[in-house]
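By written order: A, B, C, D and E. Residues from 1 in each chain.
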Amino acid sequence: MQVTEYKPKIVAFCCNWCSYAGADLAGNNRLNYPDNIKIIRVPCSCRVNPMFILRAFQRGADGVILCGCHPGDCHYTSGNYYTRRRMALLFSMLSYLGIEKERTRVEWVSAAEGAKFAATMNEFSAQVAALGENKRLEDLRCKP
Amino acid sequence: MRKCSLTALDALFAKMAESAALYLPVDGDDGRAHYAQWQEGLHLSDALNTVRSAKDFFFPQTENLMAFKVNGKTIEIIDTRTEADDFIVFGVRACDVRSFDILDTVFLAEPADSYYANRRAHGVIISLACTRPAETCFCSTFGIDASTPAGDVVCWKTDDALYMEAKTEKGSALMAALADLTEECDTDAVKAQQATTKERMAKLPLADLTADKFGGGKTMEFFSDPAWATLSEACLGCGTCTFVCPTCQCYDIKDFDTGHGVTRLRCWDSCMYSDFTKMAHGNPRLTQVERFRQRFMHKLVYYPENNGGVFGCVGCGRCLTRCPISMNIVKVMKNLGGDAK
Amino acid sequence: MTHSDRLKEQILRTSGVNPLKCMRCGKCSATCPSYDEMEYHPHQFVYMVETGDIEPLMKSESLYKCLTCFACVDRCPRSVEPAKLVEAVRLAVIREKGGNRLHTDDIPAKLDDDMPQQALVSALRKYSK
Amino acid sequence: MQTVTRDMLVSRAKALLADGTVDRVLGWKAGEFTYDVTPGVFTDADAMEKEFVYGDFCGANFSKYLLTEARKTEKKVLVFLKPCDTYSFNQLLTEHRFDREKVYAIGIPCDGMLDIHKIRTLSAEGVTGIDTDGESVTVHTLYDGDKTVARADALAERCVNCKSKKHVAYDELLGEDGEIIDSARFDEVAAIEKMTPDERFAFWQDALSRCIRCNACRDVCPACTCEKCVFDNPNSGVENKSPANSFEEQMFHIIRAFHVAGRCTDCGECSRVCPQHIPLHLLNRKFIKDIDEFYGEYQAGEKVGSRAPLVDFMTGDLEPSEAVKRGETNA
Amino acid sequence: MQRIGVFVCWCGTNIAGTVDVKRVADALRNEPGVVFSAEYQYMCSQAGQDMIKNAIREHNLTGFVVCSCSPRMHEATFRKTAEAAGLNPYMVEIANIREQCSWVHKDMEIGTEKAIVLGRTAIAKVNLNAPLTPGESPVTKRALVIGGGIAGIQTALDIADAGFPVDIVETKPTIGGKMAQIDKTFPTLDCAACILTPKMVDAAQNDKIRILSYSEVTDVRGFVGNFSVTIKRKARYVNEEICTGCGLCTEKCPQKKVPNEFNLGMDTRRAIYIPFAQAIPKVATIDADYCTMLKTGKCGVCAKVCTAGAIDYTQKDLIMEEKYGAIVAATGFNPISMEPFDEFAYSQSKDVITSLELERLMNAAGPTSGQFVRPSDGKHPHKIVFVQCVGSRCAGASKGKEYCSKICCMYTAKHAMLIRDKYPDTEVYVFYIDVRTPGKNFDEFYRRAVEEYGVHYIKGMVGKVTPTGDTLRVQASDLLANKQILIDADLVVLAAAIEPDKSARPLATMLTASMDTNDFFTEAHPKLRPVESPTAGVFLSGACQGPKDIPETVSQASAAAAKVIGLLVKDKLVCNACVASSDEAMCNGCSTCERVCPYGAITYADKEFRMPDRTTRIRRVAQVNQAVCQGCGACTVACPSGAMDLRGFSNKQIMAEVDAVCK
């Protein structure tokens, strides 16, 4: 039996119009990315409440990534602009509290960027894996 | 009575910590005293009292009662109770020692609260007599002698020594273990300190405060007092007073979904909160006036009524210093019944 | 893995070129200044590497006719970079024992007064290990 | 020393009560000691004469009380606002939280309020009385006699770092209006930013672990005026009554700071009321500092109706990854 | 408590190849709320859907999860299935175990485990689903067509024929587009103007069509059925109503040195001009960049000669706002710049031209009045080289486009044929990589060029063009002969790649319509919805969606029109059911949500509430217009109290998904 390598748990919030479609395209093109990344579909990146991100960490996620349409391409015109401000402030605050900034990311992935989606997920997963388990924003009660 | 030189205090603490976890007030980074587990290098605080009371040791802010493990459609109930480890709380002031009596009345009455009882059985309380009571102190209002606290072991700290006297079996057992580090002594120094402290107590600004007009059977007298409305008008409805109070014992029981099961926990609740004792039909106390009244009526009338005249307040003064709007039980006692200052 | 498979693999690795990107337009050969000197032309290099037909290339004089001017690299619409393949095949030859096209011993005989120093250096770099 | 006196406030309030402009007055009532004044409502001149006090400990921000008081008045409610309170006042108006027509606001100048905890630390425990005379403060104590401390040393943190002595809203101003101050209020934030992530984590763990979730910070905050707070709402998914572990301590304070981000006027009430002395203003100020640096200076409450940074955007805004880097390269 | 069904699809081997579907179905059967779980080869097939319907009836399901392909593919299918079985269509959730699982992973174990988690997540969500009913919104029965080329004209004509008013917005002074510049059309060789100009006239004369030439769309608000569009009518300094198009001004204007864009700068025009004789509207336009009067205030010749008094130097840009129910993008294409391709000497020699320039050179109304001569010296060329695929089919770091421009093979064959036909004394060489001629009568056409007209088709690419004295030395490869060849040509014609018009990207942003990396508009579905944008109410016509020849453009234009008509005949539109809604009991009325709503869907009302203490209180609360809300959810995060939530993607649902994912 092989020693299983450490696989960080990662939640990826993808907007329905660009990034979720980008993820579909990655699948269409049979581009591989780690299975420890699970996608949650939201209508727009601006639907992602900071509470969801904290919730994910509480429930044992080691990294959270938000994917949305490129700025200017939001299906809802301006949703991702709000996302950008909200997450800039939230991530800055998390870093201020001493939580590793590498655990959170916002990436703009269009419906045409299947390759970018896969590459981003591979890279983010490796980045989070390098940090090891999330110890600074964890709720031990939720650990299995 | 036995004593221990202050220079040997560390050795004394080290000895105590050998058999059980020892907690004592230490000065925190914020310059205020709080309880910490003793370890080499930690020093007993000189502060009068800790920000949070010693209630936490027996009735912690949150504790897990039980757990449920959910696996698909099956639910397994897990009893998470374990026998508590022995521990010692050192430096409890007279007011806080009294608070344990009040908590015991509530939690140890049948059916006894096994979680509380477990910790109570394993905890040894070493009290410490006050020497410099603060302007906010009014323990004497409730018949507490700050110079002579109760406890398993009672201590008096003078300039050069710690005087100790066991008051219970648990206390005697502990003192026996400390025999090598303490010596038998007379009570002169302690008596002198008690006299000074009593003198000081008598001169405190709140020394004249009396609870005589309150007590069991006074519900009708105070319940409809118009002063409640004005007293509570600035109340924010926060829980500061209840959470720093050594005698507040209300709690809520909550289920926390961990994702693979449920942890049933109990946590402090506050009668000042709008969702306190909220039931299916809503909240029995609809406005902050009623919630405010409840807290003070409970301390001053309901609790004595149900417990042989013992008041639910020990006069520690924590709420006087912590309330964001400086409303407190002293102002309430003075204003009710129409003899405002 | 056959010898020619290994050769192909080595050439693809050292050159970093993916011949499958070629759409066979022939622009490399159209732009090649050494075209007439070469037995195998740039587009043939790409195709022959793709099919694993490498030994004829290694034996061919064409290897040394390529000026490495990179015109084909610049003009290729698909960014295939044929010159890098030529270079890689050349290296494959040199890496085979005794495959040096130019030995230092040969130089005195080839010297003439007009030959610039740099030409010697670059020739050694290009034709020998 | 405060430039307005109790008598000035009382006489003005009495006049407004008398001429029927207002029927309620928000003011301060005396306590047992000098420092424990309580906000209260006065409806007649006699009560004011008897109980109204004003002094160095009248720091409570009255803006939030207007949510309930403005509903109770038949005419108008009179409120005294320090400069910093006027920002909260405007912010609440921006959010339609009370009816401006129901309020008569008197701006009062402020030289800063004193912090009883600082005074205790500087002088002694057992404080029975405090007298202020110009720049010095005399503290009467139980066991250590009278002690004198400099007024400047006894100022509350928020007053040391006062951002503005200018009133941004009032119907009437008592005394002279001041200026917006170029304060050093972000220095402490910058100092934390300069720490290593480990140090920052340790700093906040230490601070937030003291939290007892009494909700005083929330309940006093003029930006926290939700009809139902998410932390009290069992349907919100984050409701909890007390922090069971460090995660819940962190979550409460992150979410609370985020919810008031762009709306917090930095009035400092949260830190003032915290029984555990958690420097909560450092969370809010971090957001204010980031907002100023990322999106241009913005002071919540400066103008009624201004668009808060989190409900606004520019197409060229900073990417979150850059924002985090910038927060750290301040180091 | 929900009664949930789980249906795991094999998708043939697409899913079953990497996911043990039986294990997934078994594992999910034990999830809370699940009362039925099964797998089947093709859930989306009639048999699969019947299986779902039967299970709904037999097991009294209140909702179900389909573990299958992306919800973008079949969510709508399964919602219909639910509806047909009497279940609310929003009680369905899809676990995407194909695109995001079986196609991503190769290992059966990994794929299966992940599929179980994805299924579990969907079950967690559907446990919290509530039946939703979409609202309705009215439809403005008027269409906007952006772009007045053949695509826009055809779309407008078809919509107008169905009885709906249409506006065409065209940035140029005239409609007509690229087709107006083309000489002859393949494969029939009939004259472009002869077939285009009657359509232009039809458009002008149709009382349902309004042509807004020399105009731009500057802002688009609203949503399907209810767009509000701001259009800038640029000042042309000529009163369109009065100008008779007599052209006198364009003859008298002293400023003669203006490059004529219609002829691609190969000749000049005046500062006041009518682009070409058949322009619609046939009115003059003053080019403000060149007009002496507008620049210096001295001249005024045109005003003096205009008998109609149509010249108005004080004219200003006019901003108008119009309401539309549907918008058609028909912004067309342009050849790419040849500047970066220095190997072809386009910038060095006037005799290296693009194919579009050749069209003008051969056109009777062109700069040479149809005389086929070299631009450099006016001599008749005898040897002509055509280079195909210039800038098309490029990859990597090169300067061209990755796609095939599709039309070049055919127009080059046309050019070669026309030249050989008119001037049999010319030698014509065509260098090609592939000749791509799918289309009715296309390959026959190309073969005619070779077989009947003797055009030399050489398989190979031109490597270099060097101007040498009077001629152009063309160095190319002949791959079949395995030779490098040199041709001294008189004229070189480059088949330049085509790209979307530059106006397309800003327009897409305004329309919130998505684009691909090449700036072509993305269609809602590449096969099944090729003329619709994913943004509801926005349709695509012509080359803005991808390279197209004229017959294809016209087909697509009519198809887009049909879609528009299908929309405009409706009196009401069924809205998105997944909209925001505010819990008034919790709403603070703070207006934060209103500020982030891109659609203006949130308004406020004062409502009376019974307070817990039995008093009443009037409070300002937010209300969402369900017809206007598009369901982005921006408001839900802006709302501090959490009063605002999004149906179908509620806070609780998303948190349940987070929990299930992280479990």
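Here is the rule we go by: contacts are C-beta pairs under 8 Å (C-beta built on N, C-alpha and C of every residue); 3 or more make two chains touch, one makes a residue touch a chain.
Being a predicted model, the structure only gives us computed values, none of them experimental.
If you take chain C and chain E together, no chain is in touch with both. Least step count on the touch graph, chain A to chain B: 1. Counting steps between touching chains, the shortest path from chain A to chain C takes 2. With chains reduced to the mean position of their C-alpha atoms, the one farthest from chain D is C.
Closest to the middle of the protein, by Cα centroid, lies chain A.
Distance from the centre of chain E peaks at B, each centre being the average of the chain's Cα atoms. Mean C-alpha position of chain B lies 88 Å from that of chain C. Centre-to-centre separation of chain B and chain E, using mean CA positions: 72 Å.
Work out the mean CA point of chain B and of chain D, and you get 30 Å between them.
Between the CA-based centres of chain D and chain E the separation comes to 54 Å, rounded to the whole angstrom. Residues of chain D found to touch two or more other chains are 230, 236-237, 244, 310-312. Residue positions of chain A with contacts to 2 or more other chains are 50-51, 55, 59-60, 72, 78, 82, 86, 139, 141-142, 144. Multi-chain contact residues of chain C (touching two or more other chains) are absent. By the definition given earlier, chain contacts exist for A-B, A-D, A-E, B-D, B-E, C-E, D-E.
Residues 9, 11, 16-18, 20-21, 23-28, 30-33, 35, 38-44, 46-52, 55-56, 59-61, 69, 72-79, 82, 86, 110-113, 118, 142, 144 of chain A touch chain E in their complex. Here chain B touches chain A in the complex through residues 256, 258-260, 263, going by the rule given at the top. The residues of chain B lying in touch with chain D in their complex are 28-32, 34, 47-48, 51-52, 61-62, 132-135, 200, 203-206, 230, 233-234, 236-240, 242-244, 252, 254, 256, 265, 267-270, 273-275, 320-322, 324-328, 330-331, 341.
Residues of chain A touching chain B in their complex: 59-60, 139, 141-142, 144. Those residues of chain C that touch chain E in the shared complex are 21, 23-32, 35-36, 41, 43-44, 71, 75-79.
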